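Please find one structure pasted underneath; my questions will follow.
Read from first to last, the chains carry the letters A, B and C; within each, the first residue is number 1.
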Amino acid sequence: MLDPAVPLDGLKSSRKWRGPLLPLEIQGLTYETRGKRVIRNLSLTVEEPGITVIMGPNGAGKSILLRLMHGLIAPTGGEITWAGRRMSSELARRQAMVFQRPILLRRSAAANIRYALDLRGIDRTGQSTRVVEALKLAGLEQQASTPARVLSGGEQQRLCLVRALSLEPDVLFLDEPTASLDPASTLLIERLLIETQHRGIKIIVVTHDVGQARRLAQDVVFLHHGRVVEHGKATSFFDHPQSEAARAFIAGGLVL
Amino acid sequence: MADLSEALRTALRLIAALDPRLIEIVLLSLEVSLLAVAIASLIGFALGGALAVYRFPGRGAAAAIVNALMGLPPVVAGLVVYLLLSNAGPLGVLQLLYTPMAMVIAQTIIVIPIVGALTRQSCEDLHEEYNEQLRSLGASSGAIVATLLWDGRYRLVTAVLAGFGRAIAEVGAVMIVGGNIDHVTRTMTTAIALETSKGNISLALALGIVLLAISFGVSATLMGVRRFAQRLAYA
Amino acid sequence: MTLCRRRTLGIAIAAVLFATAFPCGVRAGERFIIVQSTTSTQNSGLFDHILPIFTKKTGIEVRVVAVGTGQALKNAENGDGDVVLVHSKPDEEKFVADGWGVKRYDVMYNDFVIVGPDSDPAGISGLKDAAEALKTIAEAKAPFASRADDSGTNKAELKLWQDAGIDAKASSGSWYLETGSGMGATLNTAVGKRAYTLTDRGTWLGFANKDDFKILVEGDSKLFNQYGVILVNPAKRPNVKAKEGQAFIDWLTGPDGQAAIASYKIGGQQLFFPNAGPPS
């Protein structure tokens, strides 16, 4: 499997410095859109490797926060730094994201992975091993030439995940990755995520599924009204939530 | 109605005999329109893709203008090209007036907005779906345009067909810039106009039937290519 | 992206090959002139008959652009023709006087006729005076189709209305129908609307959609239609092929061209009568 400690051949993009992108430090982040303050004065530090789960009621700003961290949108105020470096497009290339709905091009499963590798400037010879391994990881070796959009929802999402992984990111974001999947696919994806974290890739997942959070999380960030209300180790969060909102959320109630 | 059945018989007779004059004007019509559509498509794809992806001031107005130009009367396009290519005009030195190339230029101008507007629509729909993921993968705006064009290729085939339909059927522009000169710039549509004006209604209708058959043939071929490509596309 | 690039390259190569095989309208080593003429002359079939004779003798191809007289003269002014051959003497003389043409030569004449439905509602059949016939049509408010396109035929028609003392345009839209079209299109409209119209004999003889229409009035000297040919002035439009253009004019007004014109017949009937003399 892919070992981040071993340098890869055919990688055209120059890596100026190696090493994980942690710690993630967010200071006084704000994001406004259409006159609404979605993120208000948010501060957060993530130092530990492993899977960080971001939770919160709908409209708390979880998806927006993820996109801000990945550089897809720009904050209206505040700062995001990774290992002391300010968020930039260079840093964004060391990250990857999987969205709630799988987004695949009208081509074969293998071609979708090749497309991503093309964007990274990896030449064709360097690509073939990565593509084969990625498909194997997703359990899709038989479907290499199948049109990606013909695959089932679960298969498509697995494909999106291994596509992201084939880029060898330092950070992997996932926005409600199994929200529309059946339990079997959900299980497969979760297994892949747990495996991935063991390779030293930092994983940040947004989910509203408390059960999934319990299964995956190393630490939990609880968001409410665009702010971080709680951040702590998963065990302490689920057993002893500090805030009223978190308590209500874990219990399954509506949090206003 | 007697005209119509006579027209049908005349059409079949002309085709069966491979009438050389008929072949001449059919070939010219196809050469002019296919070349015009090819050039217009290259420009239209780039234009439509760029309008869908790049954000710049005046983008909305540009899109509205391209849409509006779909309704550009071909005869007006012909007049503009005539004024440009006339010996009294700025490009007179090129001596292109009354040649097939002038007809290609006029038809290209007419087809660009059609392909451009339809391409823009296709790319915009895909853009909404793909944009975040493609940006996440590290695609530049240029790469995104290329990706949207290729991914929407089947819709683009329809756009090209729409453009071709317009080109092969128009008569105003090619009449003005081509001059309907026998053996040089006479196309199917200008021949139909000429025979109509001579009162040869049956012959005009016959040519019309042949034109429709050709148009159908081109559409069918393009659809066939599309289906063939669909099978290859997942290589 | 390499596969995409390969595909685009392939398409580009195919396009270039296609474009280079394209007829540009100028075959290598061919000499040709452009003659701006009228649709009525074209539709009569005269050019199909006489031009091959000229080309065989001189090797010069003649490309005819057939439009209305007004447009032909305007095109010639723009230098988009080497020779102009129309049938509207006052306009031709103005063309030369304004410096756009070198010299005007008489070439041939034909005549106009008034055609109409067999039923002849206005009762003009056999009248010898064309203006009188039009007056009768106006008084009967019988439908009349006019080209209204600034052509030689149209100008002749308007002159007849003037002679008859009738302001036909005032009735435009009721019985006086202004088609703004060429002769063939106007004839189609006339037949369709059962209307009278003025047409040149050549177009009428070659017209295939006559239905039950007949020539009702002919022979009046006012229906005389003179054709003139002019070389576009190379001093004003340097792109004009003066040598070849003059060669065409010389042939057309010389014995060979004049004989060719006279030999053109439809159904045994001669259409055009050569009358070239010294330049007017």
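Note that a residue touches a chain if its C-beta (ideal position, glycine included) is under 8 Å from a C-beta of that chain, and two chains touch if they have at least 3 such contacts.
Just so it is clear, the structure is predicted and the values come from calculations on it, not from any experiment.
The most central chain, judged by C-alpha centres against the centre of all protein C-alpha atoms, is B. The greatest number of inter-chain C-beta pairs in contact is found between B-C. When you average the Cα atoms of each chain and compare centres, the chain farthest from chain B turns out to be A. Each chain gets one centre point, the mean of its Cα atoms, and the points for chain A and chain C are 77 Å apart. Centroids of chain B and chain C (each the mean of its C-alpha atoms) stand 31 Å apart. Per-chain Cα centroids separate chain A from chain B by 46 Å. Annotation for chain B: residues touching 2 or more other chains are 143.
Each of the following residues of chain C touches two or more other chains: 1. By the touch rule above, chain B contacts chain A in their complex via residues 129-130, 132-133, 135-139, 143, 147, 151, 233-235. Within the complex, the chain B residues that touch chain C are 28, 31, 34-35, 38-39, 42, 86-89, 92, 95, 97-101, 104, 143, 146, 150, 179-182, 184-185, 194, 196-201. Partner chain B is touched in their complex by these residues of chain C: 1, 4, 15, 18-19, 22-26, 34, 39, 43, 48, 63-66, 75, 77-80, 181-185, 187-188, 203, 206-210, 237, 239.
Within the complex formed with chain B, the residues of chain A that make contact are 67, 70, 72, 92-93, 96-97, 99, 103, 105-108, 111, 115-116, 119-120, 145-147, 167.
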